[in-house]
Amino acid sequence: MTGRPLDVLEESLDAPVTVHLKDGSANFGVLAGYDQHMNVVLDPTELEGSTDDEVEDTTIIRGDNVVSINV
Amino acid sequence: MTGRPLDVLEESLDAPVTVHLKDGSANFGVLAGYDQHMNVVLDPTELEGSTDDEVEDTTIIRGDNVVSINV
Amino acid sequence: MTGRPLDVLEESLDAPVTVHLKDGSANFGVLAGYDQHMNVVLDPTELEGSTDDEVEDTTIIRGDNVVSINV
Amino acid sequence: MTGRPLDVLEESLDAPVTVHLKDGSANFGVLAGYDQHMNVVLDPTELEGSTDDEVEDTTIIRGDNVVSINV
Amino acid sequence: MTGRPLDVLEESLDAPVTVHLKDGSANFGVLAGYDQHMNVVLDPTELEGSTDDEVEDTTIIRGDNVVSINV
Amino acid sequence: MTGRPLDVLEESLDAPVTVHLKDGSANFGVLAGYDQHMNVVLDPTELEGSTDDEVEDTTIIRGDNVVSINV
Amino acid sequence: MTGRPLDVLEESLDAPVTVHLKDGSANFGVLAGYDQHMNVVLDPTELEGSTDDEVEDTTIIRGDNVVSINV
């Protein structure tokens, strides 16, 4: 199981990620936390020129809405 | 798992949050409680100028309807 | 987890509540019971002027249909 | 948890109930059995003037289709 | 819990049953087996004049598709 | 529980089966493996005149998409 | 259970696979990891002439979106 999904999330903490949801939306932010259900916490980035999809506040996303996460 | 989702909820108790549901609705209120399924309890705020999305009564939201929570 | 969702239900026993379901319907009645899955039992109220949404018989609602409960 | 949902089903054994399903249909019959998943068994009633919704044979209904049960 | 759903299935082994699925289809056959998830196995019957809904081969139906079973 | 669903799968290893999915598609191939969730592995057959539905590569199908399996 | 689904994934580590999702999309990449829920991690390939479906970044796909995986 090299590179298990949750290990990849662990390595991505504090890095920018994009979370794609079942409703078709994308959420861009810094991965501030996660749990074993793939519930995730995103913080706004401090990058200039941030994207339309960037979260505006700290956002908890419930895992069962997640389709994929780009790290 | 720094900043796990439930830890973020714990830190948000008594603070105003917005809960986005799968039906597209948003629910604004003070986070009065939660559990490990991400079932949450919202109380109306006492802020002036409260929003259209504010809950009118104490409201229990079942976790499997939750898409995301802005804290 | 102050004011956990099931604790709020426990405190609402014998009180009138409105249960909103995923099919968009609302069910108004006296909370006669519940369990850990948020399955609930509603009894008709004996209030005059009761609403269109009031249950006519004792009604068991399966928890996975519940969106929210106003207490 | 006074009057838990499964306790109400237990008390309703051998009595006529209506089971409302997620597909919008209603099933009327005598409650012959149930289990912890709210799977239920309905038998036809022997009442005259029975309704359009009455089951014609012994029918097992899988619990995850159930919206509500009127007892 | 008199006449629990799985007990009724046990008693129906080797008898003809109709399994109604969430996609609206019906499957008629001899109940050859089942398990605790209500996964079922149907065999073709050897009756003359069998119905349009009869299974043509031994068919395993995954329980989460089942709405109801007439026995 | 004579002829439990997973027992029938066990007996069908290395035999051609058709797996019907919730999206309406059918997948024909040799049953190369399965697990308790009804996740299955299909290999292409080596039969001449194989059908339109035959898998082209070894294919893992996640069990929760399965409606039925003809063996 | 010869050739169990997860065993097939284990054997496919570091090889190119195509993951078909419930939304109808396909994702092509090198299988970098997986877990028991069939959550998978795909890396971009380094092959020339890669396909339209190839992932552009390391992508975690949540298992409950997966229909099938071609290995």
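Chains here go by letter, A, B, C, D, E, F and G, matching the order in which they are written, and residues are numbered from 1 within each.
Please note the rule applied: a contact is a pair of C-beta atoms (placed from the backbone, for glycine too) under 8 Å apart; a residue touches a chain by one contact, two chains touch by 3 or more.
Protein identities per chain, from UniProt: A, B, C, D, E, F, G = LSM domain-containing protein.
Note that the coordinates shown come from a computational prediction; the quantities given were computed from them, not determined experimentally.
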Would you mind naming the chains that touch subunit B and likewise touch subunit F? none
Labels of chains that are neighbours to subunit B and to subunit D: C
Whole-Å separation of chain centres (CA-atom averages), subunit A against subunit B: 19
Using the average of all C-alpha atoms in each chain as its centre, how far is it in Å between subunit A and subunit C? 35
Can you give the whole-Å distance between the Cα centres of subunit C and subunit F? 44
Pull out every residue in subunit B that's touching 2 or more other chains. 64
Should the ring be read from subunit B with subunit C in second place, what is the ordered list of chains? B, C, D, E, F, G, A
Quick check on the complex: what are the subunit F residues that touch subunit G? 10, 13-14, 21, 23, 27, 32-35, 39-41, 56-62, 64-65
Inside the complex, what are the residues of subunit E that reach subunit D? 1-9, 22, 38, 63-64, 66-71
